[in-house]
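Look for chain A in each of the two complexes below; its partner is chain B in the first and chain C in the second.
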Partner chain A sequence: MSRAWIAILAAVVLLPMLVRHAIATEIWIFAIFGLGLNLLLGYTGLLSFGQATFFGSAAYVGGYLLKHGGVNVLLVLALGIVVGAVSAAAVGYLCVQRSGLYFIMLTFALNQMFYFTAYQWTSVTGGEDGMPGIPRPAFLGLRLSEPLAYYVFVAACFVIALGIMKRVVESPLGKILQAIRENEVRAQAIGYDARRFKLLAFVIGGAFSGLAGVLYAMLFGIVPLEAIGFVFSGNVVFGTLIGGSGSLYGPVIGAFVFIWLSESVSVIWQRWPLLLGVAFVIVVLFFRGGLVEAWDRLATWWSVRRLRGVAET
Partner chain B sequence: MALLRTEDVTKTFGALTAVNRVTLAVEEGTLHSIIGPNGAGKTTLFNLLTGQAPPTSGRILFDGRDITGTPPQRIAHLGIARSFQRTNVFPALSVLDNVWVAVFARSRRRGLGWRPADRYPDLTERALAALGEVGLGDNARRAARELSHGEQRQLELAIALAAAPRLLLLDEPAAGLSPDETRKMVALVRGLKGRYTIVLIEHKMDIIMTISDRVSVMHFGSLIAEGTPAEIQRHAEVRRAYLGGIVAP
Partner chain C sequence: MNPSLLFSQILNGIVTGMLYALMGIGLSIITGILNIPNFAHGALFALGAYLIYTVIQALGNFWLALAVAPLGVALLGLLIEYAGIRPLYRAGHDYQLLLTFGLSLIITEGIIVVWGPIGMSQLPPALLRGGVDLGITIYPKYRLFVMAMAGLLVLGAWLFLEKTRYGAIMRAGIEDKEMVSLLGIDIHRLFTAAFGLGAYLAGISGALTAPIRGLNPLMGVDMLGIAFVVVALGGLGNLPGAIVAGLMIGVAQSLVALVWPEASVAVIFAVMAAVLLVRPQGLFGIR
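Presenting the complex of A and B:
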């Protein structure tokens, strides 16, 4: 097992001892959300500013089913994944027709359309008040209504999601997406239909967002309107860039930092987004690869120093 | 039968006719060169052949099949590969991956595959073979962006070769190379001769004259002459239009 996996498993075990269970759970949910975004952002080079579309749509559908159906949890998760993937297929199909700034604006504009639909459709979504009263039914004897049990459930979902994403980015598909990111013209010239592959990245990323959305609805028992709004879309981009979009684990680290800051520091200090802003500026100016790169550089610096020390004695 | 045939292919950009009623036939197994001064329309002609842009009029036939206006990703699957005049690789990917994605593109029998990319030994072997062919075998693990300009030109060629194409279009493979590197590149292209059907764009006359089976001369978008290297050298109009003082009479 690689060191990254050992670190992840250690974090899964230690986290609920260090922070409130709800925060710990939210971190892994946000990490799943970030994994989905980063397939687009980091691997395909597409800045989607509308990931909350898929997150929120799945959260509403999942929340609605749990409220009214008494449906099996796994089935709800599966449906959430499907809703995320299908909404991403529809949105992605339109967005991949354009590139650059127009692409980004399309993801944003379509997100706004979904947001206003949710805002207006109060009979289902509750509009501004959100969709409250979402239960967490038991699953295979695990009483998910208990915070720790739900944490374990979400952490397991995350580990599975990470394993799948690792497989995706290491598969030929991962290489093809990176090739498209690096040079779309050449990727086409060697035989890849760039639009089709970008759409595929959307669909996979949307599925991850959908899973995260349903887990989020279950965590708080409510789907707030923001769950489908541009602030959520921005947060996941923010978190992923801070963690580092250049690696598989970047968004996981980003989720950690982002949720921890927003949930812990915000209690002490109302203006915490300022801190986040500063962190973001530092990343963009000095560590384009996010915290992952900062860590790499620190490790290199440290080992060079140690070697020098050895050489001098 | 000609593997590639164009019939009155024309491309205009506004008032400019970059390619003007070009009719060309490339025989299977030959090395067919296209020469002409800068701006003659050679690269534009390649862009039409590989679907980067549709011709304004005319037809393009590959192996008897009309491929006019077919998009690049389909052209690649028909067995036409090209290298670019301006290096056009995947900078952040490793040298091996640059070639590997080209090999994989042409071997889709497995669908997309769920296996990690490094567990396709046959494809990796073919990619390494293409790198070996251009002399980049020892650089497989480096990032493409770390290569020198000369090495990037070699990689450019390896990506095209990786597709195992029936028709290879090479757009000034020696562009920007030193005399020494140019000699190596010429030797490389000479080594490909006979194994591939090649259309070579080049404007260094000495290279063209020693390597080509046939030569077409392009000038202001039009073909003004075609023949064996020896015939082209004797051709009066070509000498006036292009060769000038380059080749001693």
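Presenting the complex of A and C:
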């Protein structure tokens, strides 16, 4: 077992002892969401600004089923994954026709379409008020309504998701996606249908977003309208870039930072998105290398200070 | 269906469509030059609306406010480029994009902090209150004014981009930045100017919209997606494209509002999806 996996398992065990269970759970959910985006952003070089489309759609469908059907949890998760994948296939089909700036704008615009649909379809989604009252039924004797039990369940989902994503990016498919990122024309010339593979990346990423969406709905017992809104899409891009889009584990680190950041600013002030925006700007302007660079800078600053101290004495 | 209602809805669609076109042109200039989608574009639009509201409160003159408020937004645009985007040239587009996203959060939430979360309304100037009898229907004067004003601004933007030296430099910058800077033109000043100009167009669109739709903090977010649609359909830096795309979705939106009001916003994106299914390259192709 590699060092990264040991670190992650240690984090899974330690996290609920350090922070509230709900926050710990939210971190892993956001990490699953980030894994899905990073297949597009980091591995395929596609900046999707519409991941909340798939996250939110699955959250609504899963929430609706749990609320009205009393269905098996695993079945709901599976359906959420399917909803995420199918909505991503539909959106992705349009988006991969274009590249670069147009691609980013299309992912965003289609996200808005889903948002306004959810906003107006109040009989199902509850519109601005959200879809409340989503239960967490028991699963194989595990009472998921208990926060710690649900944490264990979500953490297990995350570990499985991470394992699957590792297989995906290390598979020939993952290499083809990276080839497209590095040089699309060349990948095309070698004989890979770039659009089809981009679409495939979309579908896989959408499936991960869908899983995260259903878990999110179950965590809070409500699907807020924001779950399908563009700020959510932006948040996961931010988290992933901050953690580092270059590696498999980057989005996981990003999830820690982002959830920690948003939880800490949200208790300060009711208008916390403003503080979050300020944090975005500060991080982007001064710490864009991600955490690793920030750590290096801190270490340099510290050693310079210590050396000065030595010189003065 | 009542023909006078239908006619005035089509006119409404043209008015909003012209405003969409203005937003799209502004976004197109910024996006084309800087190579990033400006996620703060909607927030700048909202800021234009709120600034004109405040300047009218302070000075009591709509016309003066219409001149001043968009300039305030343009100034902010210059500042954003100079202090925010410019240090990030080396860092790459992802980070510039995140910066504009962060700024859009700050401006939107800042509006709520300063002006409050509840919507407000703004009367048109005294001269433009009431309606004009167009034969088939009586139509509000102010909307006709917006139609004319937006038309003039689009014309102005076209004249500037096509007929002036600076406009030519800007178009060249959209085509090939490296070549422009090799010709000895200060590319950074070009970028700053482009951001200011784009922000001005967003600001004046917002200012003109305020008496029609009133003000609310989220008006910018709604507009941002629409501006993206205009650029995606019309093409970057393509003025006729922006006008056709803007009018198309504006009219579609107000016609759908007649029969199915709940779907009137979603239809904008549905139209875009439909067009892109048939013509993936947009209405006029892409460069």
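Throughout what follows, the second predicted complex is superposed on the first by the 268 of 313 C-alpha atoms of A that agree within 3 Å, B and C clash if a C-alpha of one lies under 4 Å from a C-alpha of the other, contacts with A are read in each partner's own complex, and residues count from 1 in each chain.
As a working rule, a contact is a pair of C-beta atoms (placed from the backbone, for glycine too) under 8 Å apart; a residue touches a chain by one contact, two chains touch by 3 or more.
Predicted model only: the values in this text are computed from it and were never measured.
K.L.:
Now for A:G234: first (chain B), second (chain C), both, or neither, which partner does it touch?
P.N.:
Only chain C is touched by A:G234; chain B is not.
K.L.:
Between chain C and chain B, which one touches more residues of chain A when both complexes sit on the common chain A?
P.N.:
C
K.L.:
Between chain B and chain C, whom does A:I176 touch in the aligned arrangement: first, second, both, or neither?
P.N.:
Touch partner of A:I176: chain B, not chain C.
K.L.:
Can A:G244 be said to touch chain B (first), chain C (second), both, or neither?
P.N.:
Neither partner.
K.L.:
Contacts for A:D193 in the overlay, against chain B (first) and chain C (second): which applies, first, second, both or neither?
P.N.:
It touches chain B, and chain C stays clear.
K.L.:
Taking the superposition as given, does A:V185 touch the first partner, chain B, the second, chain C, both, or neither?
P.N.:
first
K.L.:
First (chain B), second (chain C), both or neither: which does A:R167 touch?
P.N.:
first
K.L.:
Which residues of chain A touch chain C once you look at their complex with the stated criterion?
P.N.:
Chain A residues touching chain C: 47, 49, 94, 97-98, 101-102, 104-106, 108-113, 116-117, 120-121, 230-231, 234, 237-238, 241, 245, 271, 273-274, 276-281, 284-285, 288.
K.L.:
In the complex of these two chains, what residues of chain A are touching chain B?
P.N.:
Residues 167, 170-176, 178-179, 182-183, 185-194 of chain A touch chain B in their complex.
K.L.:
Mind pulling up the chain B residues that touch chain A in the complex?
P.N.:
50, 52, 71-73, 76-77, 81-82, 84, 88-93, 97, 100-102, 104-106, 112-118, 120, 159, 162-163
K.L.:
Residue numbers of chain C touching chain A in their complex, please.
P.N.:
Answer in residue numbers: 31, 35-37, 39, 84, 87-88, 91, 94-95, 97-99, 101-106, 108-110, 112-113, 221, 224-225, 228-229, 231-232, 236, 262-263, 265-266, 268-270, 272-273, 276-277, 280-282, 286.
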